[in-house]
Amino acid sequence: MLRIGLLGCGRIGQVHARSIRALEGATVAAVADAMPAAAEALAADTGAEVRDVATILQADDIDAVVIGTPTDSHFDQIMGAAKAGKAIFCEKPVDMSVDNIRACMDAVGEAGVPFLTGFNRRFDPNFARLRARIRAGDIGAVELAAITSRDPAPPPVSYIARSGGLFRDMMIHDFDMARFLMGEEFIRLHAVGSALVDPAIGEAGDVDTAAVILTTASGRICQISNSRRAAYGYDQRIEVHGQKGMLRAENQLETTVEIATETGFARDPAQHFFLERYGAAYLAEMRAFVEAVTSGTAPDPGIEDGLRAQILADAATLSRETGRPIDLPGA
Amino acid sequence: MLRIGLLGCGRIGQVHARSIRALEGATVAAVADAMPAAAEALAADTGAEVRDVATILQADDIDAVVIGTPTDSHFDQIMGAAKAGKAIFCEKPVDMSVDNIRACMDAVGEAGVPFLTGFNRRFDPNFARLRARIRAGDIGAVELAAITSRDPAPPPVSYIARSGGLFRDMMIHDFDMARFLMGEEFIRLHAVGSALVDPAIGEAGDVDTAAVILTTASGRICQISNSRRAAYGYDQRIEVHGQKGMLRAENQLETTVEIATETGFARDPAQHFFLERYGAAYLAEMRAFVEAVTSGTAPDPGIEDGLRAQILADAATLSRETGRPIDLPGA
Amino acid sequence: MLRIGLLGCGRIGQVHARSIRALEGATVAAVADAMPAAAEALAADTGAEVRDVATILQADDIDAVVIGTPTDSHFDQIMGAAKAGKAIFCEKPVDMSVDNIRACMDAVGEAGVPFLTGFNRRFDPNFARLRARIRAGDIGAVELAAITSRDPAPPPVSYIARSGGLFRDMMIHDFDMARFLMGEEFIRLHAVGSALVDPAIGEAGDVDTAAVILTTASGRICQISNSRRAAYGYDQRIEVHGQKGMLRAENQLETTVEIATETGFARDPAQHFFLERYGAAYLAEMRAFVEAVTSGTAPDPGIEDGLRAQILADAATLSRETGRPIDLPGA
Amino acid sequence: MLRIGLLGCGRIGQVHARSIRALEGATVAAVADAMPAAAEALAADTGAEVRDVATILQADDIDAVVIGTPTDSHFDQIMGAAKAGKAIFCEKPVDMSVDNIRACMDAVGEAGVPFLTGFNRRFDPNFARLRARIRAGDIGAVELAAITSRDPAPPPVSYIARSGGLFRDMMIHDFDMARFLMGEEFIRLHAVGSALVDPAIGEAGDVDTAAVILTTASGRICQISNSRRAAYGYDQRIEVHGQKGMLRAENQLETTVEIATETGFARDPAQHFFLERYGAAYLAEMRAFVEAVTSGTAPDPGIEDGLRAQILADAATLSRETGRPIDLPGA
């Protein structure tokens, strides 16, 4: 039984607590949150103890930590957990600073603790299946990929202002997905972006509509596009074209019901809420973490995946600001 | 070059004229119609001569006739054409009377002339492909079929009153399709029907909504349903279930365009008009006739197919009126 | 907090236990099973006490029973629970004998206890949504419905032999769905069936492939078809045609992934396992029971729905055996 | 009756001849081809006279020319036809040189003759409908478009070598489509490309896999991707995302047949051949030309559209070669 300390009891912490409860091999042993009421509520739900972060990190009865605190707390908690020899599950982004992530990577490496970066979309059954079919050779060598990601509605501008920008806050998931699908690192990237959804987002220095082209050394190409708004739900699609064919994963609609009337055939919107859309993914992600830690294999995606996605997000931000393609550092 | 005399220059006659013009191996040599203006208009379009029916039947320069006149003229024209040794393409139904069809069958058989019954749907590329895959064994032995056929809107009640009723006028296509798909004759049938679309149809002694179950000697089952109305277009679908899987042919929509908005994902209505929906089928049907006559092979479907569909339509009419299943005459 | 006694700890009992645990307003207080090991295993999972059925029925600390025992135990347990004033959730079928169901209905009525018949498919989010749209008038008056239900593979012949036959064991779900969709009772039914999947099923006196037509007093028509085998998964579809359009609920596929290769575009099979396909339905069903009992409203579907479905199943069995349509008793 | 002289009797000339024959208001009066046999064959089919190009351009009985000759003949023929006051339908590309197109544009403008550039895809019923819905405001302001275009198989390398390269030979259609959809000119473009399908294409200095990002002054973004190969047919899709939703046009498959087996649900490949996929588009294009000339309105797309697409193709070629984004000349 893996005994887990949960750092952060907000929305994502609650998601992870629910996943842990649904697994046989793990339990939420302790919870911590800067807001005592949040910690107490989650403790009541899970039967865990409320402790502070430092106590959890030092506790002998805690095997692993799940970090779901605000991003600016990640660094200290990772460093502390690594030092204390705890296995670490950390929500994305690992840190807003690539240098900090490198420091964490060193600490984690030296401590030899397992580390999983919370790129939940890799665990979506649809996307995971698509990638397994690529690996199985079903479409031969990959040539072109296209990732489309649109949120149902933009977050508040106040959130945008401290988010690090669309490329680091939203498209980072797609950068990780691009690496996951492509099977080869990117060497060059060009990004464009505009504030079309809400001028206030532009005034805050960010974009809400963006597209990126990435290329690999062997010439494979990946297109990504993002929008902060989609009238028809949470739009999450991937398409990969190869030598022998194409793989696509379409949106999950609310139901399978179709109505035909004089205006035609109509189906439901896409599932709107990320917790619904990625519910199965969050559970599979936690299962993968628990199984990896329990069996002594390295969790995947690891901290280096967190680093590489952040490097791509930084490069895209710079490319969009300067209007120039950016050469990426080698693997 | 097969020289064809076209009997009947109404809507369906014009369709056949257009098909013949598009084929290399045939030409419309002469046209006839009870309405001189209709014959002249089609003659102008095709470059054919206007003649009367008797003259066409006797003409040495005519190899084949295409009969698209009202149903009550078919019998005399078939008998005349058979006697004159012309190849015959006859619109469905061959005749409203099974006895008359048997008489035609005898005459055609004795004369040894080729005969094609105009069940155009067999030539629809979708349905033809579906049936070819059944024959290729793609779903193994057929077990269950379901045919759905709905017109966009009912014809005038005046038409209904002299149509022979829904089973003979509309479902006759589906009876032929059922035979085409099943690969075994039916031995028993049960039909139900109601006037739900328009009470005036019920007052005229007919139904506008109907369903039939047919069974074969080996126990295969076919379900048919018809409605005289479909808000979303001309609904024409078939589904066949077998040992190793299921084949379906879906509706053809007006375009491939899909719109996603806050109410969901919407596509176009089904093609509304039978000449659009079955345009390719009419052309393929005429090509099959011309090729069969030219190459000396028997056209398919032949006159016996016209007879068998009529027997099923009569049985369904009786079953609906009496509320009893009907045992069908043996093959 | 509704305290529930679970009678029967087999596969379906475990499903219900899991649902109850996921709900906030209910708890599994006690479990009983003829096999002590099964009861103990489920007790360990849920934290419930193991008791015998009689003790549960008499216990003051039990508010409701969930009956998931073999069908021939239902009658005594329902009578006992009604007498003891417990709310009752009973798996379908309520009983194989219509007379027994009527006796239960009387007992339940006299005792005034809430009763839910476990027709789980009514709670499937797709089917529930489709029916809500009918009720909302989205397709106007209902005219024609078609229900298709195919199991992935037949059960063992030993099961078939004591199942009551396909109409009572499998199609009973579709009879309930037909009533749920139609909004009007059926007055007449005609059933056909064959043993095409496995001759041994025919030798056991049953069929594995069947179709039924049902009609209502106002002339509405419902078609049902069943097969005990579907190569491509658990095939569960409904279609309802009305004055203003058509509603359909399609199968849920394993993932949304599509592959395009030289043979065309291919998607996954339908979900194979009923616990996966109807997982959400089982949870929604239990929630509806708990909410109805807690709020004092009548659960829906009630015991009369169990009775009416059984009457249809009996009539279909008789119709198939005699080859005659059956007039159904009035509402 | 518009009397047309057809210049070029190869594959595309034959397509246009067929379209003209199907129209009521036009006729092929004369044909010319460098290969006498080709001209004679088409003359026999259409009843037209064989003449040489110069004779056609000077003839009083010719109202319009359709130019389907090799690209390097276009310039002289356009200049000649403009001078002679003939209406002009010219296949894309108008010319490989932007300067030449400008010269043609001047000549056409001075002569005041109608000119249609043969961007057939604008006339595809699916794409035309999609664009009409954009113009009708169905998705509000356009924000992001994605155009996917993949040929079933690459042309011979010998063709590639003198084609002007993928951006001018293949993607030029997509550049025109991008302008057609976007409703605003592009100001900047970045292109990448690789030879992944066939190394010989790379050795010939061209690419077979490419992606482009284009942006407009107001910040709208368009993504295009091309491949010279698609195992599953001729892949032609567009998607436009806007304020109020998304419009998509999917591929046209060979039939509507779907098969479900133990591996899942499979549909046909996309139509493989461009004459099948765009058959309706070629006819609609010629109808638009004939109607515009007959009614005295300006054909659309005009020669300026040919110019702008060529400018984009040149810029993409340069961008791919230099690795830099290219600023486009203003409107």
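Read from first to last, the chains carry the letters A, B, C and D; within each, the first residue is number 1.
Keep in mind that, in the parts below, contacts are C-beta pairs under 8 Å (C-beta built on N, C-alpha and C of every residue); 3 or more make two chains touch, one makes a residue touch a chain.
Just so it is clear, the model here is predicted, and its values are computed rather than measured.
Greatest Cα centroid separation from chain C: this falls to D. Here A-C and A-D are compared, and the pair linked by more C-beta contacts is A-D. Here the CA centre of chain C is 58 Å from the CA centre of chain D. Annotation: 42 Å between the Cα-based centres of chain A and chain D. For chain C, the set of residues that touch two or more other chains comprises 230-232, 244-246, 254, 260-262, 268. Residue ranges of chain C in contact with chain D, taken from their complex: 230-232, 253-254, 260-270.
Across the interface of their complex, chain B is touched by residues 125-126, 129-130, 133, 138-139, 244-252, 254-262, 268 of chain D. Partner chain A is touched in their complex by these residues of chain D: 139, 141, 143-144, 146, 148, 150, 188, 190, 192-197, 209-211, 213, 215, 218-221, 223, 225, 227, 229-232, 235, 241, 243-246, 323-325.
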